[in-house]
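Before anything else, here is the set of structures, which you'll find just below.
After this come two complexes, each holding subunit A, first together with subunit B and then together with subunit C.
Entry: the complex of A and B
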């Protein structure tokens, strides 16, 4: 596997990006960098700003405020310079439905200078796509595979996947995840993919960025996120009507004497705070990204 | 090499791989000189990020359990007898640590815990414990 050069090259640099739709701020000062070779999972609720952000990277939207650089270039000013290096797959697929699979392949091959026909043939076979099928008649899963073929076969430096597996069955989803993995394993390429399926994000990302109402609320190494978030169960001597107010606790559940906190940081600090309130910790465990996401989302909504 | 990762687990995936390889070495399923699958192959079969597998292998190397020679692959280290024994101890130390921690959290004094361990061990010896497998 390629590990890149010592000073990691920045493939994507977004700085203080703002986008408004009417009075609503779809992106509210988003900053983000992606280094070569990274797999970044972009998560957030529907309407959080994920697709709007991706559209800026593709040059489909102009930055209202702030800046967007992809491969060091402005995607709006230099679409060919940027788009020729990005493999893109969206939830809708955006494929010309009247084309046959072989027509789509020929059309795409003409479009991208780096098209790898051998790789395209291999993927077509692997995905079980017959040349004479019309895209409009394919199942949703097969159409997603056709879109994936086009996004991968020119061996793009950056793979952008916007909710690629939304509404697809587990087998197609596995194909998509497998493709992400092979993309980086084979070539040390960079991947950004958005998903609301957090278990997928956990499986393949090395970094997670969480957006909430147009803002980045979490941006960290995935393993570090999991190592620093804990679920802590505790009991108090006396029943409580409200959750304890302790800095570092992202979410609380429970009632009476038993409470459970989602805690960010070392539990030692929590232990002292709980003891001071007449309670003690009875159990500490790890937390799934799902729970962390829900906690941060509700914290952001407060 | 049979490894299962669960993304929903609270434990980071690289650590799940590290722990399972350690266990395989401890149990002797992986013996010294055995080759681990390449990073690409394991990443592909587990459907996880190759960087994650690479990180797990780095940790295993730092712990002295495997050695990687560039271009040749990753192998379980020699001195297997002591390594396997040390690994068995490491696995048990993990469990003992969480037992001690949980007892403290439940307010059971250490002396009582030790007594409990003796009692339970005695019940194994006399065969009182149901469901104990032999051999």
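Entry: the complex of A and C
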């Protein structure tokens, strides 16, 4: 899915970003770069710091420590320069509910020189949004579609989606995913997609960043993540009360003689370690992003 | 009974501290009323009454359990409470009884234990019933879902105003207390029934329980796509449109409503005078009574709007802006400019509406002289010397500028990220103003005293320096928040100096041109000039920019 670029232009550069709310560190030294054309899935538990990170990219939060550059600009110092290139859709929606759909489209269009009215009309028709409908009277799903329309109609260089499909029905979720895929199809567009629905992230992302308690715990290509994570089933000669302590095992399940590990890396090392403990590997398989997420989240919690 | 207490506890939980504070306030008043009268002067005693209405209304609102905007179509009753496994009667009756008892008891304590011991012969029973009717009317209007929220808003304003005014007017026409009480008692019964029915409707109406619109609504095959209006020329014009819709048009709308309400008695207040035998002429006496008040209506509404009477939709949950507004690709400076331009357009339109209304009024016969009807214009304006006519024009300009100023200084309330701070601002301004007024009465300030220009100049000078100092502090903070904007600050200061100069010259000229004795002795130069410079906004526009910066980039 990732398209090749001769010179990878950095669209987002976050360096050692720190943000605290009272005593709690919402972001703790986060560093991240996103190159043009990348589709990055941002995953993490509730309160992990995903929304805080996205708000920094939008300039809604000032960096307490560290730096944030989007298109090479500081989003706090130059909001028009940055925001005019970003299409943003959040879980909250936050559209002005007193506006009608046509008013929202007309108002939003004024801010983006690249607004494509034909595309806006096409999306509006596709989403079934009547011009004279007041946003306050629309259902949550229809409001999300209206938000998606204004986030996409100017063909943004960077599309930021913060839990956009949270609490929405499968049809609206399909629309949102479809929009991401179409944006990706536009050469050079970049997408940052934060979601709890890892199956969706898996569908569209070519790189995944996992945030845990304000820190980046995993940042890699999706394909590489899936290649390097394995589920390994094993049996031991004697029953065990505790899971074996082996470096590289992210999570353990099981009991007695039968154990299962979520293993990061080559299984050859694990095989030797298990053999030394009087056991043997019986089965090795791939794992879903869901399992990897849960394993890393549990590891972080420990 | 237990159920009732649970419902009430759930309802008033949010305001529990307020009930405590208001109760303490009432107890404090009762204690003060029993202290020797000379310990508390009349102005201070009057000032202490001010929080009563504010506190009473706020606490009564607690029994409404208002969880929706008054202008929204949904029922304001907590949606999750509507879904409690209780009878509608239980949900309705206990809050109605509690609101009635609270409203009536508060007044009875206030009137009998504070006002009467202070020598004010306040009526007890009909105002108590008035507050019960007010509480029940609010419950009936706010609990019932409406097809259109705006209608609810209009009905709420009209009903509560009518309830409040009825007692005052009836008492003015010497109706007996029993008769007024009877009318209020009937109203109470009617509103109680409506409140119950409204709540029952809220529980059964699918759109009522703040679930909002039909969640199953999906793409309609009959989608209507309309594009009749031209695109905006620039982000600034789009933002101007937004601000005009949100705030700019509010002043002309309210003023038109106010002027229309003031014009209604024109239909009734006629005086007929016999001239010769059966011949008689009719004139409208209301004009001569109400005409001088007309130019103050826009100022009154602008002050109310400027204090943040309309909740800002840029502000979402506490301390956070709505993301759509906050992420407009536009500088905070341009956002603020658009708001100021919308306010200016609204004030100019309001001035035209007011002048048009006044001219119309001025041409209607309003008095009878030598057996002929005369208009306000013919009697008072046509005979004015040109210099005095120019003076009137100057006063109209000054009043328009003042109206603009009172709305503009409130822009920062609109931008405050904190809802609580925005709510506190009007209370602080009103109570602070009332306190200043009371203390000036307490000190027996004499504006006819020969020394008054001197000390008034000194006072205004200090205030002006304070204003400039505050503006300097705010501008430094703004430069820290947005380092690139120091040029804007210099241009803002230069603009202020220019407008302060124009305002000072206008006020100075008005003071000079006024007939001798028309103004108190205190208003000698440079008092009007300093007062004018004080009126021109300086610190609060900077505060608005800071609020906007802090709200957008926390």
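Descriptive notes on the structure:
Keep in mind that, in the parts below, the second predicted complex is superposed on the first by the 296 of 302 C-alpha atoms of A that agree within 3 Å, B and C clash if a C-alpha of one lies under 4 Å from a C-alpha of the other, contacts with A are read in each partner's own complex, and residues count from 1 in each chain.
In the analysis below, a residue touches a chain if its C-beta (ideal position, glycine included) is under 8 Å from a C-beta of that chain, and two chains touch if they have at least 3 such contacts.
The structure presented is a predicted model; accordingly, all values stated were derived computationally and were not measured.
Set side by side, subunit B and subunit C differ in how many residues of subunit A they touch, and the one touching more is C. Once the two complexes are laid over each other on the shared chain, residue contacts for A:257 go to neither subunit B nor subunit C.
Of the two partner chains placed around the shared chain by superposition, neither subunit B nor subunit C is touched by A:65.
When the two complexes are overlaid on their common chain A, residue A:286 makes contact with subunit B while staying clear of subunit C. Within the superposed three-chain model, A:96 lies in touch with subunit C and out of touch with subunit B [touch as defined at top]. When both complexes are overlaid on chain A, the residue A:24 reaches neither subunit B nor subunit C.
When both complexes are overlaid on chain A, the residue A:184 reaches subunit B alone and has no touch with subunit C.
For subunit A in complex with subunit B, the touching residues are 1, 37, 39, 174, 177-178, 181-182, 184-186, 199-200, 202-206, 222-223, 226-227, 231, 280-290.
Looking at the complex, you find that subunit A touches subunit C at residues 58-62, 76-77, 79-84, 86, 88, 90, 92-98, 102, 106-107, 109-112, 117, 121, 124-132, 136-142, 147, 169, 171. On the side of subunit C, the complex with subunit A involves touching residues 72, 212-227, 229, 231-235, 237-238, 241-242, 245, 313, 316, 321-332, 482-484, 552-554. Here subunit B touches subunit A in the complex through residues 5, 7-15, 39-40, 43-44, 47-52, 54-55, 101-102, 105-107, going by the rule given at the top.
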